[in-house]
Amino acid sequence: MATIRYFGIVAEVTQRNEEYIEIENMNVSEVWNLLYAKYDLSTLNARVALNQRLVDLNSSITVNNNDELALLPPFAGG
Amino acid sequence: MATIRYFGIVAEVTQRNEEYIEIENMNVSEVWNLLYAKYDLSTLNARVALNQRLVDLNSSITVNNNDELALLPPFAGG
Amino acid sequence: MKQVFVKGPITPDFIATSIAKHQSKYEIGAHNIFLGQVRADEVRNRKVAAIDFTCYEKMANEVLHDIREKAFRTFDLTCLHIYHSIGEIKVGEVCFFVFVSAKHSKDVYEATEYLVNAVKKKAPIFGKELFEDETHQWKVNKTW
Amino acid sequence: MKQVFVKGPITPDFIATSIAKHQSKYEIGAHNIFLGQVRADEVRNRKVAAIDFTCYEKMANEVLHDIREKAFRTFDLTCLHIYHSIGEIKVGEVCFFVFVSAKHSKDVYEATEYLVNAVKKKAPIFGKELFEDETHQWKVNKTW
């Protein structure tokens, strides 16, 4: 199971802070498209972090079980 | 009488913080030369302020009685 | 890993204590402090009353570690500290505190500006602006 | 004329109180603070133990008034404060406090640097560095 975490306005839209999904032979881009379709994320201008590092939404890096993928809305610190 | 004020290392050399001198038809440059000769100010790299405004050591501005002339060593605030 | 996130506002007392801790470091000649204070912005006649901050702490700590390392490589600093609030911070309260110390004053200014901008741009911190009328909107940094 | 000169060191408490006073100004989003701390410099094996500051207060107040006016004309600031110690300030103690506040962070950095450098260069403040062995030397700012 991979952990998917949601923050800020993304969590508001998905109505959860995290969930676990079974991953098989999927890359970042495919997981992103899966979640994008499941929730309507089109207006959110989100980014993806794989194991705490930002990666491209279209990245072909493989997502493994035990990985943590986070969907991050615009940063607003400071 | 004009007031002459000394600060920092200048006051240390002149051994006083202020004195009053009778001024007659003297400009800044002449007063400076008078004090320069009276005390040995040669090594002090001082500046002169007339009524709280910096003026050139060679200034020909007239010094009047009731004026305040200050001999200022290098600034060291901050 | 240094503790960056503070629950609730960063108080003047907390800042004073941080300053006092540096008074035994006799090689320091200059400190520069940046404080971010929650502003009562107006958005279409609604006034901000507070910002509720959350963060992705695990990622934020790594990002902040890198930012800190880069600052030490780039600028001649004695020490630096970064603190950011989590939770609801009211207008007028301080939510962000960057503290840079160096031997000489010339080294502190640019380092502070670098740190403030790097945190705004790179740290996964999220801010929900709560308006007086109980509606809200999500804050977006210009650097996004 | 604002009161700039403070007898003795500028304490962390004094700084905290200044910060607290700004928390009711809801238009402020960013503060930048510069603190000058007395450093234990070594000069030919003699170590600085304290600096004894004096000033030509009448002239300093006029100079600082001009510096403050120029800063308000040049930068988009909400408020600014300058404090400088007079008397003997020990190593580790703060002798100089510049406090700049603005709506946005981008406006504070350069203003702080301008103010610090203008005070160092233009204000008639004199510093006698007292060494641990009870000798002394007069401090000279590089800008002289």
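Which chain is which? They are A, B, C and D, in the order written, and residues in each are numbered from 1.
As a convention for this text, a contact is a pair of C-beta atoms (placed from the backbone, for glycine too) under 8 Å apart; a residue touches a chain by one contact, two chains touch by 3 or more.
This one's a predicted model, so the numbers in the text were calculated from it and none came from an experiment.
Would you mind checking which chain's C-alpha centre is most distant from the centre of subunit D?
Ranked by distance of C-alpha centres from subunit D, the top chain is A.
Measuring centre to centre with CA averages, how many angstrom lie between subunit A and subunit C?
26
So what's the Cα centroid distance for subunit A and subunit D, whole Å?
49
Which integer distance in Å separates the CA centroid of subunit A from that of subunit B?
Measuring from centre to centre gives 73 Å for this pair.
When you check subunit D against every other chain, which residues touch at least two of them?
Those would be 36, 105, 116.
Multi-chain contacts only, two chains or more: what residues does subunit A have there?
78
Going by the touch definition at the top, which pairs of chains touch each other?
According to the stated criterion, the contacting chain pairs are A-C, B-D, C-D.
Quick one: which bits of subunit A touch subunit C in the complex? Just the residue numbers, please.
5, 7-9, 12, 45, 49, 52-53, 70, 72-78
Can you list the residues on subunit C that touch subunit A in the complex?
Checking each residue of subunit C against subunit A gives 36, 53-56, 58-59, 62, 84, 96, 116, 119-128, 138-141, 143-144.
Which residues, counting only subunit D, touch subunit C once they are in their complex?
By the definition above, subunit D touches subunit C via 12-13, 15-17, 19-20, 22-40, 91-94, 103, 105, 108-109, 112-113, 116.
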